[in-house]
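One chain, chain A, appears in both complexes that follow, with chain B as partner in the first and chain C in the second.
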Partner chain A sequence: MSLLIGALTIGLILSLLALGMFISFKIYNFADITAEGSITLGASIAAALIVSGMNPLSATLIAMAGGFVAGTLTGIIHTKFNINGLLAGILMMTALYSVNLHIMGKSNLPLMSQQTLISLAGDIGFIPDNDTAVLLVILAFVALTGVALHLFFRTNLGTAMRATGNNPQMIRALGVNTGLMITLGLGMANALIALSGAILAQYQGFADVQMGIGMMVWGLASVIIGEAIIGGGSVGMLIIGSIMGSVIFRLLVAVALRLGMNPNDLKLITALFVFIALVLPYITKKMKKRGVEVK
Partner chain B sequence: MIEISNIKKVFNPGTPNEVLALDDVSCTIETGSFVILLGTNGSGKSTLLNAVAGTFFPDSGTIKLNGTDITNMQEHQRAKYIGRVFQNPCSGTAPDMSIAENLALAVRRGAKRGLGAALNRGDMEEFRKKVKSLNMGLEERLANPIGKLSGGQRQALTLLMSTWIKPDLLLLDEHTAALDPKTANKVIQLTESIVNKDKLTTMMVTHSMQQAVNLGDRILMLHNGKIVYDIKGADKRVIKASDLLAMFDDIRKKEQIDPSASDMLRENYI
Partner chain C sequence: MKTNLLNILKALMLIAALSAILIFMDSSKGKKDTRILKLALIQYNDSPLSELSQQGIMHGLVETGMKAGVDYTLDVLNAQGDISTLNIIIDKVLSDKPDLIFVTSTPTLQLAAQKIKDLPVVFSVVADPAAAGVCNSFTDHQDNITGISTMGDYEGMVRIINQILPGTKTIGTIFTPGEANSVKNMNALKKHSEQSGIKLITTPVNSSSEIADAALALAEAKPDIICQVVDNLTSSSISNIIKIADDNKIPLFGFVSDQSEKGAVIVVSRDYQQAGIDAVKLAKRYFDGEPIKNIPIEFVSKTNILINKDAAKVAGINIPKDLEKKWTEN
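Then we have the complex of A and B:
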């Protein structure tokens, strides 16, 4: 039971990462590898500030702001200096590795007995079991975030961002600075990803400089699973899908590990999975075409 | 009024693919004038429109719109004054967004975009009314993604979008070229009524002699990045398609004597 609750909780925490990847990958078609640096950035800022005695809420908000800055910088590198998006992300991710080490002062920073958002959530009065309380609080928070994001993408600014990903030529002709929209969007995405890292650090009780490795593909996998379950559709549906995808993916992994999968294979299998999910539409299209030719 | 002065544009300078796309082009277009741009493929029509719209900056020369120098303004900054419809029906709309959302994007052309709801009830009523005036039955499909519509429907909507906020200048680049003749006709009629209603200053590129004869009050014919004919006033009113074809023939004949050959001839005979 507690294993299930644990998997659900981590799935929900990482769904914030999935929502960030949803913004960069689905709204902007931008595979933003800054994620691997910014999830660790969020974790290290939150951990370092909490250890230094700051209250966990402020620490988490500052961690989010850090992610926003990181994403914005990737956006500026990409749009102002015309550097390929993937390369811009790689530059940022690499730079963040050193930044994160500096913030923590070492490669692993444990949170001992400090008060965290997680310990606060666990102490909520009316739910007796700590783990269940944490799960429910995070569920409520993620749901709120999803609703807020959904509403945001229906505002004038949000629709301009979506149009930037959908048809930049058109939206530029309607007076929108597409470079600014991409930069803002990447900032938002990485703020969410850093938030995910900040909460994850508080949940697992430490921040580690390696914790970001493979996280971008993990986020992509969640978004892709979510889209497959929901079957595409509106932004709102895709947001729900990304959250569900993250939780389901975490559950699948927990089950696989339980059944004896070697944890070392986890990232290989995740990568394979995303690869298959990405090429599947292409292959089916090709097969369909061939089918037509045969007729 | 738009004043284009000595605009020059070379693509891929210093490479074997160097193209002189605009060769010192100057012209002044009066407010309310509807100008048709003609010319063979590669003569520089799109490049001229793109230079005015700010897709790229010219190598030299200036562009003024109603007295303001816009030469160094970014494309998205000029969009406040300029409406555009492209040749490709896919270019002017965001395919995955609904008709209503596309219209809402156009309503705020050149305005600040904040955290207000993109779609509000008042707008929707207006969207329905204007879309209904297209007589395409689209007013019932405002919530559908615009990418599912036909090319003609998308061009009609793009035309509506680009003129929703009255532009100081409307740029149409072969906006009916991708449509079947019947649909093209419909979109041309719509263009005429919109341009006439608001007396829009318009530059329209076309390859159709018929459109060139029937529409507008001035024809600019481009060749090799230069304006080679400028037909306006009474001349424009009486011009026939056959006259325009004769001009094209004229250009073609001159073309057969390439520049180096004509230099040689000049040296030998003059």
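Then we have the complex of A and C:
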């Protein structure tokens, strides 16, 4: 059971990363590599504050704020200085590496005996098994975050943000500052990603300066897999898709490992999963079309 | 709306199906062959250090006289530098319930310490398990975890200094107060050098741009040897330090093997293959009946000593032939 519970838990923790990638990638069509720095930023801020004695909830919220600042800066670099989005993200990710080292004071910060949100969740009285309790608490938390995000995107501000991604000319004509909308959106995205990092650090018991490597691809993969399975009809569906995509992706990795795949092929196999998720909707669409023609 | 719900249902069914595979395969592995020892090795990334240690573990297992596939199986898993995969790999190994788990590198050890509470774990390629948070001291560690620390051999370095430059009164090092391991290494060198009556002069740095000034300041103090402790900042700027040491005719000794070709006269570095062999020795003690709780963490039993003869000639250091032979033979 432990592999199943572990894979589900990691999938849900990283679904917050997927939600962040959903905002930057699906709403603004912006592959924001700041993610690799801001997930570590969230982890290092949370770890450093918890080690210094702060209660884990405030530490996690401050970590989220840190992610928001990082995302906003990427947005400002992109919109105010007219620097290509990918490059703006790379600049921010590079800078964050040093920032994270400074926050932790070293490359790796353990949280072995400290009280964390995860240890608190594990101690919930009415669920006997610690790991299951953690899983359920995280599930509830992610569901709440998803609902909150959905409600936000239906407000005026949220609608203006979505419109900025869809049709910037139209929304500019309505008097909305698109630069501000992009900056805000990237801030929100990275706040969610930092939150994911903060929870991940507390779950695994340490923050490490290298832990962000490869995370952007996993986040994007989750969004794409989710969209392929659930469909991208509305914001709500995309949000549900990102969360489920992240969980399905982790389960696929777990199954591949369980089936005894050579671990050196792991990255190859994951690239294959994402490729299939990308081409599947295209192929099914083509086949449906052909079906119509035949009729 | 209807298709939306249908799609969500589809995704849920996929999750259920994948979960079912995991549960089913879990229970089908329940029948355990007790004659074969099940071992697992978990690595975080592909690096020369972890590969050497893996060779060492395999070599060590052969040395115990057991046969691979007949007496034991070793399941090697590598997260390829991905922390989320590392989490799943540890869960996978946990559900396999092996008889013993080897881990290499600090993040793997930390994750194992967090997730594995009732299976024996033996680590290597971890410099400082106390800083990683898994032990208070080498004898006082988490009940199911022991292993091999690959921290620099400061005692050995001081012994070598006494052998080839017996009149040494002062040695110097640059260190980085911002790096916990740097401070720890500096204190370890201080402790061992003071025990043999050698004074340690230190100069702090905070960023790579300060290295040149710090090296000049250290050279001003005229230590007999610059004996550079290991940390991230100084090891990436070591060429700079070596050049300034050369200009001031002060020999430089180091602890990282690649510093030898960069001009360090003597390098005393840990042998990572031996770390793997030593890890197997600890595992053997556990299989012979000693509880992990009672097996202290150990340093690597073997140290490599590298001599850069050109640098030694420039610094005017004569390394006795018998010592040289002894070091290079090992």
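The criterion applied here is as follows: the second predicted complex is superposed on the first by the 260 of 295 C-alpha atoms of A that agree within 3 Å, B and C clash if a C-alpha of one lies under 4 Å from a C-alpha of the other, contacts with A are read in each partner's own complex, and residues count from 1 in each chain.
Definition applied: a contact is a pair of C-beta atoms (placed from the backbone, for glycine too) under 8 Å apart; a residue touches a chain by one contact, two chains touch by 3 or more.
In this text, all values refer to a predicted model and were calculated from it rather than measured experimentally.
Participant: Could you figure out whether chain B or chain C reaches more residues of chain A?
Facilitator: C
Participant: Based on the superposed arrangement, let me know which partner A:D208 touches: chain B (first), chain C (second), both, or neither?
Facilitator: second
Participant: Is A:R162 touching anything from chain B or chain C once the two structures are fitted on A? First, second, both or neither.
Facilitator: first
Participant: With the two structures laid over each other on chain A, which partner does A:M112 touch: chain B (first), chain C (second), both, or neither?
Facilitator: second
Participant: Let me test your reading of the model: by the given contact rule, A:R154 touches which partner, first (chain B), second (chain C), both or neither?
Facilitator: first
Participant: Which partner does A:S52 contact after superposing on A: first (chain B), second (chain C), both, neither?
Facilitator: After superposition on chain A, A:S52 lies in contact with neither partner.
Participant: Answer with first, second, both or neither: which of chain B and chain C does A:V176 touch in the superposed model?
Facilitator: After superposition on chain A, A:V176 lies in contact with chain B alone.
Participant: Would you sort A:R250 into first (chain B), second (chain C), both or neither based on which partner it touches?
Facilitator: In the superposition, A:R250 touches chain C alone.
Participant: With the touch criterion stated at the top, can you tell me which chain A residues are shared between the chain B interface and the chain C interface?
Facilitator: none
Participant: Going by the contact rule at the top, pick out the chain A residues touching chain B in the complex.
Facilitator: 152, 154-160, 162-163, 166-167, 169-178
Participant: For chain B, which residues are in contact with chain A within the complex?
Facilitator: 53, 74-77, 79-80, 82-84, 86, 90-97, 101, 104-106, 108-111, 113-119, 161-162
Participant: Under the touch definition given earlier, write down the residues of chain C that touch chain A in their complex.
Facilitator: Where chain C meets chain A, its residues are 3-4, 7-8, 10-12, 14-15, 18-19, 21-23, 25-26, 76-85, 87-92, 94-95, 106-107, 110-111, 113-115, 131-134, 178-181, 232.
Participant: Under the stated contact criterion, what part of chain A meets chain C in this complex?
Facilitator: For this pair, the touching residues of chain A are 1-8, 10, 14, 102, 105-108, 110-113, 200, 203-206, 208, 210-211, 213-215, 218, 226, 229-231, 233-234, 237, 240-241, 244, 247-248, 250-255, 257-259, 263-264, 266-267.
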